[in-house]
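One structure is given below, encoded as structure tokens.
Lettered A, B, C and D in written order, each chain numbered from 1.
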Amino acid sequence: MPDTELDFTIEKIGDSKIKNPLPYVQSTGESFSNFVGDDEFIVYNVYAKKGDKPLAYGPSTVLEKAGPRDKIYFNPQHVHAAIVTCGGLCPGLNDVIRSLVRNLWYGYGVRRITGIQYGFKGFLPEYNFPVVDLDPDIVDDIHKIGGTMLGSSRGGNDIPAIVDAIERMNLNIIFTIGGDGTQRGALAVAEEIDRRHLRVAVVGVPKTIDNDLSFVQRSFGFETAVSKAVQVVSGAHVEADNAINGIGLVKVMGRDSGFIAAHTALASTEVNFVLIPEIDFDLEGPQGFLAALKRRLVARKHAVVVVAEGAGQRYLKAIEGTDPSGNKKLADIGGYLKDAITDYFKTEGMEVNLRYMDPSYTIRSAPADPNDSLYCARLGANAVHAAMSGRTKMLVSLWSNKFIHVPIKMAATSRNYVNPQGSLWRDVIEATRQPASMKNP
Amino acid sequence: MPDTELDFTIEKIGDSKIKNPLPYVQSTGESFSNFVGDDEFIVYNVYAKKGDKPLAYGPSTVLEKAGPRDKIYFNPQHVHAAIVTCGGLCPGLNDVIRSLVRNLWYGYGVRRITGIQYGFKGFLPEYNFPVVDLDPDIVDDIHKIGGTMLGSSRGGNDIPAIVDAIERMNLNIIFTIGGDGTQRGALAVAEEIDRRHLRVAVVGVPKTIDNDLSFVQRSFGFETAVSKAVQVVSGAHVEADNAINGIGLVKVMGRDSGFIAAHTALASTEVNFVLIPEIDFDLEGPQGFLAALKRRLVARKHAVVVVAEGAGQRYLKAIEGTDPSGNKKLADIGGYLKDAITDYFKTEGMEVNLRYMDPSYTIRSAPADPNDSLYCARLGANAVHAAMSGRTKMLVSLWSNKFIHVPIKMAATSRNYVNPQGSLWRDVIEATRQPASMKNP
Amino acid sequence: MPDTELDFTIEKIGDSKIKNPLPYVQSTGESFSNFVGDDEFIVYNVYAKKGDKPLAYGPSTVLEKAGPRDKIYFNPQHVHAAIVTCGGLCPGLNDVIRSLVRNLWYGYGVRRITGIQYGFKGFLPEYNFPVVDLDPDIVDDIHKIGGTMLGSSRGGNDIPAIVDAIERMNLNIIFTIGGDGTQRGALAVAEEIDRRHLRVAVVGVPKTIDNDLSFVQRSFGFETAVSKAVQVVSGAHVEADNAINGIGLVKVMGRDSGFIAAHTALASTEVNFVLIPEIDFDLEGPQGFLAALKRRLVARKHAVVVVAEGAGQRYLKAIEGTDPSGNKKLADIGGYLKDAITDYFKTEGMEVNLRYMDPSYTIRSAPADPNDSLYCARLGANAVHAAMSGRTKMLVSLWSNKFIHVPIKMAATSRNYVNPQGSLWRDVIEATRQPASMKNP
Amino acid sequence: MPDTELDFTIEKIGDSKIKNPLPYVQSTGESFSNFVGDDEFIVYNVYAKKGDKPLAYGPSTVLEKAGPRDKIYFNPQHVHAAIVTCGGLCPGLNDVIRSLVRNLWYGYGVRRITGIQYGFKGFLPEYNFPVVDLDPDIVDDIHKIGGTMLGSSRGGNDIPAIVDAIERMNLNIIFTIGGDGTQRGALAVAEEIDRRHLRVAVVGVPKTIDNDLSFVQRSFGFETAVSKAVQVVSGAHVEADNAINGIGLVKVMGRDSGFIAAHTALASTEVNFVLIPEIDFDLEGPQGFLAALKRRLVARKHAVVVVAEGAGQRYLKAIEGTDPSGNKKLADIGGYLKDAITDYFKTEGMEVNLRYMDPSYTIRSAPADPNDSLYCARLGANAVHAAMSGRTKMLVSLWSNKFIHVPIKMAATSRNYVNPQGSLWRDVIEATRQPASMKNP
């Protein structure tokens, strides 16, 4: 989006007048505070070109720093907080829940924390899912298990009904853990709350295993997902290497962006081709993928291909276009490529042995690796600090390696993509040594 | 260091006039370049306070962006590169070696790459260690094994003798993988090279498992080290929890800084006390560590303590002071604490069961986790790009999540420390719920 | 097979007259031998019923003990050994290769060891695959990587052509690592060798990831396969538990037998239904699987189903029968069940969320777990001892927890199956609490 | 022990007259039983030598088969069962507890199950530890965490006081999970129960991480312990290999026996010397360990040594003998060897770099690997079947790969040792290529 449209101002539902109960943290000798001031910010755009004009700090150039404030808005005894997890599973969901509960309970002394089951649907009376009372004992070991102890689902975005439920339960803080769709829903909920003149803080923890949310340097669970994908690629390499003209084909997550595919290739170093949604490629023709794959097989006898689920969609559409009955299996680029590769080498009269692997459920249901656990713990802590200070319609996030606040309306309006001209894709090209372009002239 | 002393200017040994052989990376339709311009920079200080003056870009405020340049200094056919690994082991050393070799070989076509064995000592004639010819086949699987295929050692900083060896071997690029001591040695080598009017690029890859190098957002191997430490802490928690008044005491690396200890505590969430060099604590007295530990045991029946090896050194010195024979065992804070805790509870008449674990060799010899592998691969690639462009006396690094160049003289003059007033330590205090201060008034 | 047909006599290609070069292993004080006598055996049938007649030892009741003999048949300097790996991948193949090479080389001093690539096809001139010279350096780290460094394939059982190749290469020991098909091929090779009056020992190392070879207590790689399957089931449980009426469906290996499925269920303890080839089940009807699954979902809201690939084949055949075009997709019980479950609950008007996982390539390409590595190391050592002593047409195996020799003709004529009346299946029923029978009356 | 003293008769506390509530397990067509008959046995000694007399089945030659009987002794509604875990931690303790609880609850319908905390001490009034009510929900996820949810301790063998507590609680089944000391205590408890004419079944699950209990083919947790030890040895190898004349010294568990050390060496294949209690060795002298270590270093530049904690005790005693104050640190063979090696090479004027690792707490506190989980699940199931049938003074065990019953008085009177003439030690010698003897003549 154009920089002129940026506005990182964070809304508050009221002034903070209550002393924060968190202890001052003292060091040797003198006492000092670990609180963060409302005047502390982080530069949004760290890039600079020689000759650029000086960077003026303002709402469109800096992001608010996250952390506890010395004054808070809510009296902890009055707080009734709810936590909801939405959308597909992602490593670390339980870590975030655990951190929210522990920081509310131990840090601020909040005693009413309610878990909403199965996403936004858990607010809706027609589903009638029971809510879950949360406390530190219940969440003590949940981070050792993948998924979310609250369950999750897609949909249920019936905004007025959700706000009805919020009123019924007398909730005044809502934590929404979910992707951009969920956060747009959370924003709509917060706007409906405004319309009803309620005082409810809505703070989101952004979740996307694809790592493609704007203003989110790194989404939780992404590193774990890459780790698991690397293990699968390792097996694919063994399978490919041990068979006559073996091909290992692995489909990874990435509906709109190729971050998992690109990172997996860089981390594994056993990948020869990466196909992602951002970079178009031809299948046929002398410069196309199939011919490049054949050249690789002739030279090295085996190949490993990683394909993001959103890559090459034009092939699926093309074929769907010709087939009015709309075979939904064709929407799967993995299966499509598997067939295309098989057919191509049959035509070429070359024996190949292709193994196709689709590990997505295994990846997304894994418990978080330690570094993701740590990240989730800190995201959760900062979400609690933000909500207690009365902030709303915002997400906690990491940017330039610092924890910050982002307005939902900024983060949920666009996505990140792998930049074909950036360093990530350059390093992928160099590591895989795949052709810089697989487009025919 | 004061900002006024900052100077991020990168030295070059000559002008770049040779076309970079890396392929242009093309996207759909039009062709474009993935090269990085010499006019591209990254902001050093991303913090801003309301009312701060605008940020003027200049040598003291921005860091040079890493990446391939469209013109390079060295003709790849003339290059003879050497790689040396120094100091203690760290996960990812083999990944960095592998990346350097592959990028030199495949990216630029360099064919003479020499591995120096056992650190700087490998340059010295008195050791007479054979050198190792490196190529992509030899390094193909080394990243699956911990440590460094070249071996490592400390010392050997005989600068004139090293430069003699560089001349003897006709080396024109040296990659030094090591900590700040190593990099200071590398700088001295580069200065001696200047004195002899040689044209040799010296490019470092900073290594510190403690993660405490200045201008290095994250040192490679650090995340892996934290992951391994978390596993050990998990066992310590089980031991503590299963014994009558069980105490698990784990010593982790961190001679001058508590980053591993702090991150391990945050990632594990089973740690009750973290002792680090940056935060002084009393052992005795009502606010001291031992009394706090007793309160924890009485309340919860078990406790897990993580201590960085450099914590509480004043206790070791005090005792060393009284004992002129200088028992070197006392330099071990882990053993000292183990005895102090045991004695204290004996005096208190309280049965405790203490298990002490010191996993440092197991941690540092582990192979890199996938996300560290990826990071090493990218550090190596950028080190090669920098050296081929004729840059010298510099390190490749990550800052504000971007790969950049740092002059060695900046990076090797100070260390990072855990800021007692910062968000990391704050989150540790909140996660462990240890007293904000364990100093008696 | 009836006990009367058992004959465990091991064939030899000649008398052993050469002193074994292995060192006598000495203990404190006196010296003694670790060699195994040709008169040492292991009881085949350890079951006894009260009142049974005494067990007479003879060729049909005892198996020859494996291990080095004090006299060997082959002069190690004359030996040219070949190793071939056939069929599907299995964890531990590289461990066995490594052990064979090291024991031949270091134990007996054999210096000519040849690896045949891609299974029996590697012997055939029409494929013209190069052979691989093997020595301890080449195999030093191969066990850290899954698969087989020699590659593998199915087929190529052209017996005369194989023996032609054996003659051309002057091989006198052949190690065949493969399943019962491979071993039947090896037996045919050995018989052709007899017909040509050659002196070549053929010794097999039995491989079946399904663990269903007769006279093989435990096949190598099986425990690793179960470990990996358990991880996948763990993810399936998370997925099922976190969705509204979630069902995790995991297909595991087991074409004719349900050992992997049964062991996975017992090791994971998160499985609710195990479907294996040995136990027939109805899909429809009040006692059928689908109704049982519904009862489980109503009671517990989620379910995990593990199905062996060979289970329920009658459903696939039935449908294939009605469809003359022979849709090969139907041969996949996993996909069939997925559709059947989805259709059933649609008919029942019940929302379910099914996740289907098929991890077989990831499982079989994994490196061996330590206990499988150890087992492979010992199988390899015993295979070398057997071959050097001139034994042929035999497999090394474990029985009643002792290493023994089995004639190929015994081991390759029948398979093991999960006994529906045995303790394994009983423990599965008790652990899963699935209905003891899912057949309608 | 001499075979003439063997008596495998299992005692019962009364006749079984109650129908077992476990469902008949049915297969296709006809119905049949999975119950085990009281007339089913397993051969104890599977070894046979040519010419041996036939094996007559009787109480000294066969072991009773484990499993559910069609008639049981206890009415499940009358049962109050207790579970106690004693001694050092071992992977799988929680798995056994979980299996006992689930089989009692779901299989037999027992509803009163009590966990005794911290070993036998949990029975004693002076400790006043609360008991824990156990049910399937409480134990549902405990197997994912190492250790024992009940806690453990050594000692507390006050037999009359324990039986007093058993009477107070009206327990009629006691499950003791512990080593031979614990089981001897359990036997004494059962004998005191007899003296008081009570009807209480005492059934043990044998636990020894050292794997050295008699009549126990494999103790639970042993495979996991070996797996973890292999990881540590892997790091020791890296450390040794990367340093100038590097030596990795790893101490593993094994107070009286070298099974963990031997298996670790075989599984890791990176070990050069294994020192175990069963095989004496000299340190000094031309054939001694130190000279052998030097020869290895000269030849290969690095070495890995695994020492069982009970090895070389005569050196510790010798030195203790000269020091009347009895420095208990000397009882540690690891520290002793570390010093002895350092001193020796100092004397020899040879630079070596020794890294010493002692991972025992990390190993024993690990959660069980899947194959150990499975084993624990089946041990627990069979212990429940045995107790419900009224058997007492017995252990459940595996022998010749079948689950069986052993009288405690047989199992707890002797230990297993690594046989210097057996195949295990032979394979260790061949794999490590250490000298067959390190004794000077």
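To be clear about the criterion, contacts are C-beta pairs under 8 Å (C-beta built on N, C-alpha and C of every residue); 3 or more make two chains touch, one makes a residue touch a chain.
Here the structure is a predicted model, which is why all the values come from computation and not from measurement.
S.K.: So, comparing C-alpha centroids, which chain is the farthest one from chain B?
M.R.: Between chain B and the rest, the longest centre separation is with C.
S.K.: With contacts counted as defined, which of the two, C-D or A-C, has more C-beta pairs across the interface?
M.R.: Answer to which pair has more contacts is C-D.
S.K.: When chain A touches chain B, do the two copies use mostly the same residue numbers, with over half shared, or different ones?
M.R.: Because over half of the interface numbers appear in both copies, chain B and chain A meet with the same residues.
S.K.: Chain A to chain D: how many Å between their CA centres?
M.R.: Centre separation, chain A to chain D: 46 Å.
S.K.: Centroid from C-alpha atoms only, then distance chain C to chain D, rounded to Å. What do you get?
M.R.: Between these chains, centre-to-centre, one finds 28 Å.
S.K.: When the centre of a chain is set as the mean of its C-alpha atoms, what distance in Å lies between chain A and chain C?
M.R.: That gives a centre separation of 42 Å.
S.K.: Can you list the chain A residues in contact with two or more other chains?
M.R.: Residues 145.
S.K.: With touch defined as at the start, can you tell me which chain D residues reach chain C in the complex?
M.R.: Residues 22-28, 32-34, 36-37, 39-43, 46-52, 54-57, 62, 66-68, 98, 102-103, 106-107, 143, 217, 223, 226-227, 230, 263, 266-269, 279-280, 369-371, 373-374, 377-378, 381, 400-403, 420-423, 425-427, 429-431, 433, 436-437, 439 of chain D touch chain C in their complex.
S.K.: Quick one: which bits of chain A touch chain C in the complex? Just the residue numbers, please.
M.R.: These residues of chain A touch chain C: 89, 118, 121, 145-148, 151-153, 231-232, 234-236, 238-239, 241-244, 355, 357-359, 361-362, 365-366.
S.K.: Could you please specify the touching residues of chain B with respect to chain C in the complex?
M.R.: 141, 144-145
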